[in-house]
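You will see two complexes here that share chain A, one where it goes with chain B and one where it goes with chain C.
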Partner chain A sequence: MTTMLRQILIHARNSMSHSLRSGSGVVFIVLTILAGLALANLAFAPIELGFIELEQFRDNAAQGIGVVLSLATLQQGDPDSIVGRMESGELVEMTMWARYLVLEKPMLLSITVLLLGLVLPLLLPLGTYTAISGDVQHRSIRYLLPRTTRSSLLLGRLLGCLLLAWMLIGALMAAIVLYLGIVLSLDSWDELIPWGLRCTGALLFLSFPYVCLGILCSTICRVPLVALFASAGVAVAVPVIAFSARAAWEPLGNLLYLLPWGYSHQLLSPDAQTVSMAMLYCLGHGLIFISIAHHQFRKADL
Partner chain B sequence: MAISDRPGGLTALAVLNGFFALASGAGALQRFIDESRVGDHLAGELIPGRWIRRRIEALVESGIEQVDLQLLGAIGIVAALALALSVWGLLARKKWAGRWCSTVGAISLGTVSVLAMIWLPHSMIRGSGISIVRQLFYPLFMLFLVQVIFRKDLVR
Partner chain C sequence: MNSSGHGLTIRGLAHRFGEKVVLDGIEWSLPNTGVVGLVGPNGAGKTTLFSIIAGFLHLQQGSLEILDAPRPGHPRLMGRLAVMPQDAIFARDVTILDQLMFLRSLDGVSGRRARIDVEEAMQRVDLEDELHRGAAVLSHGMGKRLGVAQAILGTPELVLLDEPTAGLDPANARQVRGIICELGKSALVIVSSHNLLELQEIIERVAIISEGKMVASGSVEEVTRRDRRFELRLGVKITSDQEDALRSCEKVRHISCIDDRLTVDLDASSEGGVDEALTELLQAMLKEGIPPRELREGASLEEAYLRLTGDSQQDPADR
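Moving on, here comes the complex of A and B:
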């Protein structure tokens, strides 16, 4: 057991070091940070450049977030009818939830994290697509397998990819919180730091199933680019198919739950029990993906 | 054909440096054109085009001097040349052309971003302050890669 743990840690360290030296790793790091900061810019610019008054922005943001939350929780109707139902007091829970994110918590941080939650599933495959398929394609995996077990190799690579993704998310969130605290100063540090930590935790949990999905695709596909397109394609296709199919038959909207799209927003819920359940779902989803990847990798002819 | 032992990260870095060299060169050219137009505006000549006139008026109102625009353009050109040279240096794994031209390019890019933030009006920076953080990220990350991660690969 200790030997396996040691091997997993060695594979994780090598995976991270290889990520920094490989083209995919460099592109993953640069794109994740640049896209993350671009999203933050998108959220901050209207206030910072004075395009809109703070109170008006708050009202618009509360309404917009309410609509997004309603769509994510598969409420009936199109965005226009959802706005009408929110104004008539029908969707009280969604309205309260949006107001919690905008009025009770640092608004710009909440908006940035919600945007990151939409974009991260598309960026994370960049950090995982070569994890297994890269070695399989170059046949270098044949030199590794006599010295280690397939399980420790897979788990080590998973740990390496996860740690790299978590470090990037941590650095990105630290930069955003520091900028909000030092430059914009709309919220006090007492509000920013706890909410920043909670949002970072939410993104770390959210990244787990998507990293596991990337590893699964990297295990199934032997060509790295195919693995990249598969994992990013699945992440995009699930919500597109779910919302399209829902228009034909309402229950098909539940296809959204094939990936964390259906519950990822609950990681920012005001209710602690809802948050705990969403965290458990994320872990469960990830464990399912990695179990399939493990099964596939153990019986693969390499 | 021999298989290259060049790390993939160096190739990716070379491509990114090429992209930033083009962007920096275009930015520098824009500064020189702006400088010339500001001179014409101050001499009382009518600048053609409503958008260009507004841009030049914003520059004059911000209090920026022509020499500042020339300096921004010159540093931008240095960054573009150093980054363009570093593309070849990184691909050929050269110490001077790869490692040190990247370093000069990174420092010049960072300097241009900081000076632009201090001197140019907000409307011209096209974004909030965090876009400056975004512009500073790549030079810093490039410095880390060429001076730490790929230090032993760029020795020829």
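Moving on, here comes the complex of A and C:
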């Protein structure tokens, strides 16, 4: 057990240091930082550049977030009808939830994190697609297998990818919170720091199943680019198919739960129990993906 | 050492890729130390056998005991089995030192000790100057030697080398052969190669594999007993009548003559073995008035290989 743990840590460290030096790793790091900052800029710009009054922006944001939450929770109707139902008080829970995010918590941080939650599933595969498939394609895995168990290798690579993703998310969130606190100063540090920590935690949990999905695709697909397109493709295809299929038959909308799309927003719920459940779902989802990957990798001919 | 006292014991091994049977009924027992050759035509199943022993491919049928582990890929084998695969490549953008230090750290050795081991291994293959460079700058031959270096890192007990000298210049090939012989004193080294002359110099045992079946295995002496080739340099050019007279000797299986060089394959399967066959040949030569100026043992392994694998049409003496 000690040997296995030691080897997992060695693989994790090697995976991280390799990411910092390899082309694909650097692309992942740069793109994630750039995309994160671009999304933050998208959220901050209307206020920062004075395009809109703060109160009006808050109202619009509350309405927009309410629509997104309603769609994510598979409420019936198109966005226009959802707005109508929210105004008539029918979707009171969604309205309250949206107001919690923009009125009770630092609004710009909430919006940025919601946007990041939409984009991260597409960025994370960049950090995982070569994790296993890269070594399989170049057969360098044959140098490793006489010295390590397949389980240690897989779990070590998972840990390495996860730690790198978490470090990037942490750095990104720290930069955004610092910018909001120092440059924009719309919210006090007392509000920004706890909410920033909570949002960072939400993103860390959200990243777990997507990193596991990336490792699964990297295990199944022997060609790195195929693994990349598979994991990014699945992340995009699930909501697209779920919403399209739902139009034909309502229950098919539940396909959204094949990935965390169906519950990821709950990580920012005002209700602590809902948040806990969403965290457990994320862990469970990730564990399912990594169990399948482990099974595949153990019986694969390499 | 496994329960049967051997370094490697294979029983009833069979493997297929889809419908194609690539290994069938392989039985093989090898001691704990020594250099063993694994030869066979392309596609005979050598690399598949290596891959199964190394744990790259899953065991489909049969059993393998490797050292004291009951199956390939067993955690007990970690760090004790080393492989030089034929087609694996090192990362191009990471220094060789880092890559070998990483491999050594998986064996549980790190820091200064690991660095010493890595430098030692690289010195043995004459690549110590490349330690701080990436694998991208290495030539094919240097890449091969790097593969050998990673296989001899530490103290492996079973080493599998797939075509270790292919593409090496004569000096480096000789160096690698020296390393293999040295390794064979303390470990079981299995070498796959198509260069039978070279292989014959370093191995004590050999297995010949053809179309997925092991057609012969044992000591080189046992396997080549029937097929002993001798090359003789003559003082004169022999006539066709003299050649026919030599060919009519009971123990001469095949004879060919180019200029003053005579190549003779002897049948050494009788009780008197090679000595009796050679005596008969030399007596016949002296009787015909053809005194040999030089006599040396030739590629008898190659002859056995060609006979056992049915590739005799490739016999260079016939060409």
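Following the convention adopted for this analysis, the second predicted complex is superposed on the first by the 302 of 302 C-alpha atoms of A that agree within 3 Å, B and C clash if a C-alpha of one lies under 4 Å from a C-alpha of the other, contacts with A are read in each partner's own complex, and residues count from 1 in each chain.
Everything below uses one rule, namely that contacts are C-beta pairs under 8 Å (C-beta built on N, C-alpha and C of every residue); 3 or more make two chains touch, one makes a residue touch a chain.
Note that the coordinates shown come from a computational prediction; the quantities given were computed from them, not determined experimentally.
Once the two complexes are overlaid on the shared chain, A:Pro146 sits against chain C while remaining clear of chain B. In the superposed model, A:Val92 makes contact with neither chain B nor chain C. Within the superposed three-chain model, A:Arg21 lies in touch with chain B and with chain C [touch as defined at top]. Of the two partner chains, chain B is the only one that A:Leu37 touches; chain C does not reach it.
In the superposed model, A:Val240 makes contact with neither chain B nor chain C.
By the touch criterion defined above, A:Leu49 lies against chain B but remains apart from chain C after alignment on the C-alpha atoms of chain A.
Judged by the touch definition given at the top, the superposed model places A:Ile10 against chain C, while chain B stays out of reach. With both structures placed on the common chain, the touch criterion links A:Lys299 to chain C but leaves chain B unconnected. Residue contacts after overlaying the shared chain place A:Ala248 against neither chain B nor chain C.
Common to the chain B-facing and chain C-facing surfaces of chain A are residues 21-23.
Against chain A, in their complex, chain C makes its touches with residues 51, 54-58, 73, 75, 77-79, 81-83, 85, 87-91, 93-94, 102-103, 105-108, 150. Of all the residues in chain A, the ones that touch chain C in their complex are 3-4, 6-7, 10, 14, 18, 21-23, 138-150, 299, 301-302.
By the touch criterion stated above, chain A contacts chain B in their complex at residues 20-27, 29-30, 33-34, 37-38, 40-41, 44-45, 48-49, 175-176, 179, 183.
Those residues of chain B lying in contact with chain A across their complex are 7-9, 11-13, 16, 122, 127-131, 133-134, 137-138, 141, 145, 149-150.
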